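Please find the structures below.
In what follows, chain A forms one complex with chain B and a second complex with chain C.
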Partner chain A sequence: MEIHEVRAMLPGVFYRKPAPSDPNYKEEGDAVSKGDVIGLIEVMKSFHEVISDADGTIRAFKVENEDAIMPGQVLAEIEG
Partner chain B sequence: MSLSKILIANRGEIAVRIIRAAKELGLKTVQVYSSADETSLAVQMADEAVEIGPPAAKKSYLDIDAVLKAARETGADAIHPGYGFLAENAEFADAVAAAGITFVGPSGDVIRRMGDKASARQAATEAGVPTVPGSQGVIDDLNEACRLAENIGFPVMIKATAGGGGRGIRIANSAGEFMALAPQASSEAEAAFGDGGLYLEKVIERARHIEVQILGDGENFIHCYERECSLQRRRQKVWEEAPSAALSSDVRERLCASAVALAAAVRYKGAGTIEYLYDDASGDYYFIEMNTRIQVEHPVTESITGIDLLAEMIAVAGGQPLSVRQEDVTYRGHAIEVRINAEDPAANFMPFPGVVGDLRIPGGPGVRFDHMLYQGYQIPPFYDSLLGKLIVSADSREKAIIRLKRAICELGLDGLKTTAPLFKALAEAPDVLSGDVHTKWLEPWLEANSDKLSSQ
Partner chain C sequence: MPVNVKSAGLATTVQDLGRPGYYHLGIPIGGAMDRLALRAANMLVGNDEGAACLEAVFMGPELEFNEDTLIAITGAELPPKIDGEVRDTWTTLKVKKGQVLSFDYLRAGARAYIAVAGGIETPANLGSRSTYAIGALGGVNGRAIQPGDVLPVGNASVTIAEGTTIPANLRRGPDKPAELRVLPGLYAHRVSERSLDRFFQDTWKVASEADRMGYRFQGGAPIEFVDREPPFGAGSDPSNITDACYPYGSIQIPSGTEPIILHRDAVSGGGYFMVGTVISADMDLIGQLQPHTETRFVKVNMHTALSARRERAAAIENMRQALA
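Take a look at the complex of A and B:
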C-alpha cells in the first residue's frame, strides 16, 4: 500500500464542498480516480478545484473544511 | 457633537486612506483586523489595533458583534465602514447607532431603501431621475411581466432585487426565453441572497458607465461632478476617470443635477455615488443604482475638484455641515485611476498573492498612489486582490494618459504579478486614446490583445 499526498498548489481557504448547502465532494474511505475533484481552494475571491492526482481510496483529509492553507500543505492522503 | 476616536471596520488600501483622513482631522484611530492582517500597513499606522477574529471575513470583518465589541473596548465614538464588507449593511448601521456610536455613512433606513434595487428605482422615479425602461418595483406575476417585457422590447435584463456582483442576472431575447429564465434567476437569487424578488430592465446595448459623486449633510446636498468607469472586466471596474470625455456640458449639468435631486429626496447624509448608463447615440442617461458609501475610485474626483471626500464624510458624520457649497465646486483638468491588483493578466487574471520584494513607488507631478504595500509584506490570500490604485492628473485627458504611462513604468513591484502591464497596453490602445469605449469594450479587447499583457 502506497500513501499519496494531495498538496495545495495555492494559498487560500480549503473547502470540501462546491457550495455551503451541497454535500462534500468526497468522504474519507471513498474511492477516487486521477482527475476527480476533491475540494476547492478560494484565493482572493476566486475558486480553483483541487484534483486528485492518484487512483485509490481517501485515507484522510488533513485539513478541515474552511481551514486556511498554504501552498505545499498536505490536504488529503490517498491510499492506492 | 464632535468625534474623537474612529474605528476602521475595513482593511487594505481603504483602511490606510481612512486613517490618513482621520489623523488630519485630529482623531485617534482604531484598526480592527483578522489574524491574517496582523502585519498590515493599516494596523501599523493606526494608534490602536484590535484583533477581531480568524482570516475568514465572515468570522472577522463581517462579524458585527466582534466589531462593536472592539469599539466599546477602545472607547471609539465613530465607525467608518470603508467599502465592501459591512459598508452597505443596514443592520450594521442600525446596530452601530443602537450602541450609541456614530456610523460614518447614511442611516440604516436610507441604506435599506437605496440598497434594494427595486425600491431605489422607485425613489429615482419619484425624484424625476430617468431610469432604464422596465418594471415598476418587484415582479409579482410572470405572465404580466412577460407582456411588459414585450412592450419594452427584447432583449430585456432580468435582475435580482437583492442582487450584486452580477449574480441573479439573466438576459432574455424572446418571450419564450423570458418564461424559462425568470424562474431560474429567482431561485439563484433566493439561494444567494435569501430573496428571490426580480425586476426587469431594458438592455442598453452600447452604454458608458457614468456615475456622479454626491455629498450630503442631511440639509445640504451637492455633487462633485462625474466619473466614467466604462472599462470593466466581469463587471469589475479596472480604469476610472473624471470628468467623462463623452458628456457635453449641457448633459453634464442635467445629469449632476438629477443626482442631487435624488440625494435630496432621501435627505442623504455622507458620501454616495449615483450610477447611470449613458447612451452615446441618443444622449440619454438612465439611473441604475446608488452606492451608499465611499467608492474605490473616489480619488479621481478628489484630484479634479480638490475636495477631500473622506474628510467631508467624517465631518458630516460628526454633525458638521458640508464645508463646500455647490457654487464653490469646480473641476480642473483630467484624472485617471487604474487598479493595481495581485493578478496575472497574462494568465487570465489568476490571483497571484506573494511577498512584496523590491518596491518602487511612482512619484513626480500629478501622481498619487493609494496602496497597502511595503517591502517584505506577505499579501494574504483571503481577501480581494486590490493592492493599490495609481491615480494621475494633468491639464487634459491626453496629458493624463501620457503621465499614466510614465508612472506605470516607474512602478516596481517585485515578487508579485500585477495588472500593471494591462494599463501600459491600454494607455496605448487607439480606442482608449480616443475615448471610444463602452462597458462591453474591454473583454473582447483582452482576448484580441493577450500578447500585450505579459510583464516582460
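Take a look at the complex of A and C:
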C-alpha cells in the first residue's frame, strides 16, 4: 500500500465541511477518488476546494477543522 | 513573443507601477503591491523598472514560452521551476522555446513578481496595464489571467547575463513579527489615550480577509472611543464619521474591532474613522504578509516617515548600482 499526501496549495483556514451545519466532506476510512473534494481553504475573502489527487482510502486528516494552515502542509493521507 | 497561460494560479494579475491621478474619481493607483520587488524583477531582465509583470499571490501560474527569453522571479519566496527543475528567485533565468515555468509551494512572503524580457504588453487603460478587476481596467480584458490566455510580450532591448542576482542584503521582506510604521492622526482623537497606546502595544494577526484592496487584522483589544454626539451625516456607530477621503495606507477600524489597512486598490472614501496611516516606505511589506502573520504597528512621526522614504529611494538606487 502506498501513502499519498494531499498538501495545501494556499495559506489560510482549513475547513472539512462546506458549511457549519453540513456534515464533513469525508471521514477517515472513507473511499476517495481523484477529483473528490475533501475540504476547503479560506483565503482572500474566498473559499477554494481541496481536491484529492489520488484514488484510495483516507487514512488520516493531519489538521483539524478551522486550523490555520501553510502552503505545502500535509492536510490528509490517502492509502491506495 | 507571446506567453501561453497553462494554469493561472489563485489571482495572478498583470501589474506595473499603477495609474496615479484618478483617485479623486474613485479609481485607485493600483499596480504592484510590492513595488520594490516589481522594479527588481524588471531590472533583472533589462526592462524599464515600471514595465508590466505578473503578480502571483500565494501560488504561481504555469506559463509556456514560445521563444528563448530571460525571466526573473522576485518578492515572495515562491520557488520557480523550469521544466520541473527548481531555480533561484531574485535571479536572471534563461528559458528556452517550449519550456514551461511552474512553481513549488510558497516558502515565505505572499506575492511573487514574474518579469519577462520586453515586458508584458497587454493594452493599457488610463496610462497603465495594471489590472483593477473591480473597475475592469488593465490586465487581460480587465481581469486576472485565465488558462488559455496568450500574453503579448514586447521586444527585449537590453541583454542581462544569466545568473545575475540581487544581493540578499538588498532584498526586503517582513520581519517576525512584522512591523509596520504608522503615523497616527486623521481621526485618532476619536480614540481614548489608553486605547490608542494599547493599539500600538498589541500584537495583531493578518486575517483571511486580506487582498489588494485592503488587509484586515485581528487579535488586538477592541478600541475605546471618546464619547460624542454623532455629527451631521455620520452613522450612529462610534467608529463612523461624516464621509471623508481615505488615503492609501490609512487604517480604519469599523466598530472598533478589526483594523483594515487600505492598499493599492483602495476605495477612495467612506464613513469610518482612521486611526493613522502606514508610512509609504512600509506599504510594500504589507503585500508580503500571509494570513495569520503576527504584526505590530509602530508609532512614528513625520520626520521618521520622510527619512524612511528617502532610505527606500536609496535602496532602489543601490540595487541599480549593484546590477550596473
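Criterion: the second predicted complex is superposed on the first by the 80 of 80 C-alpha atoms of A that agree within 3 Å, B and C clash if a C-alpha of one lies under 4 Å from a C-alpha of the other, contacts with A are read in each partner's own complex, and residues count from 1 in each chain.
Just so it is clear, a residue touches a chain if its C-beta (ideal position, glycine included) is under 8 Å from a C-beta of that chain, and two chains touch if they have at least 3 such contacts.
Values in this document were obtained by computation on a predicted structure and should not be read as measured data.
**Student:** Touching A:44, do we find chain B (first), chain C (second), both, or neither?
**Tutor:** Touch status of A:44: both partners.
**Student:** Between chain B and chain C, whom does A:18 touch in the aligned arrangement: first, second, both, or neither?
**Tutor:** Touch partners of A:18: none, neither chain B nor chain C.
**Student:** Under the stated touch criterion, which partner chain does A:9 make contact with: chain B (first), chain C (second), both, or neither?
**Tutor:** It touches chain C, and chain B stays clear.
**Student:** Could you say whether A:80 touches chain B, chain C, both of them, or neither, answering first, second, both or neither?
**Tutor:** Touch status of A:80: no partner.
**Student:** In the overlaid three-chain picture, which partner chain does A:72 touch, first (chain B) or second (chain C), both, or neither?
**Tutor:** It touches chain C, and chain B stays clear.
**Student:** For chain A, which residues lie in the overlap of the chain B contacts and the chain C contacts?
**Tutor:** Dual-contact residues (chain A): 10-13, 42-45, 68.
**Student:** Help me check something: in the complex, which residues belonging to chain A touch chain B?
**Tutor:** 10-13, 21, 42-46, 66, 68
**Student:** What does chain C use to touch chain A in their complex?
**Tutor:** Its residues touching chain A are 10-11, 57-59, 105-107, 110, 208-211, 290-292.
**Student:** For chain A, which residues are in contact with chain C within the complex?
**Tutor:** Residue list for chain A touching chain C: 7, 9-13, 42-45, 48, 68, 70-72.
**Student:** Using the touch definition up top, name the residues of chain B that touch chain A in the complex.
**Tutor:** Listed in rising order, the residues of chain B that touch chain A are 36, 54-56, 191, 342-343, 350-351, 353, 381-385.
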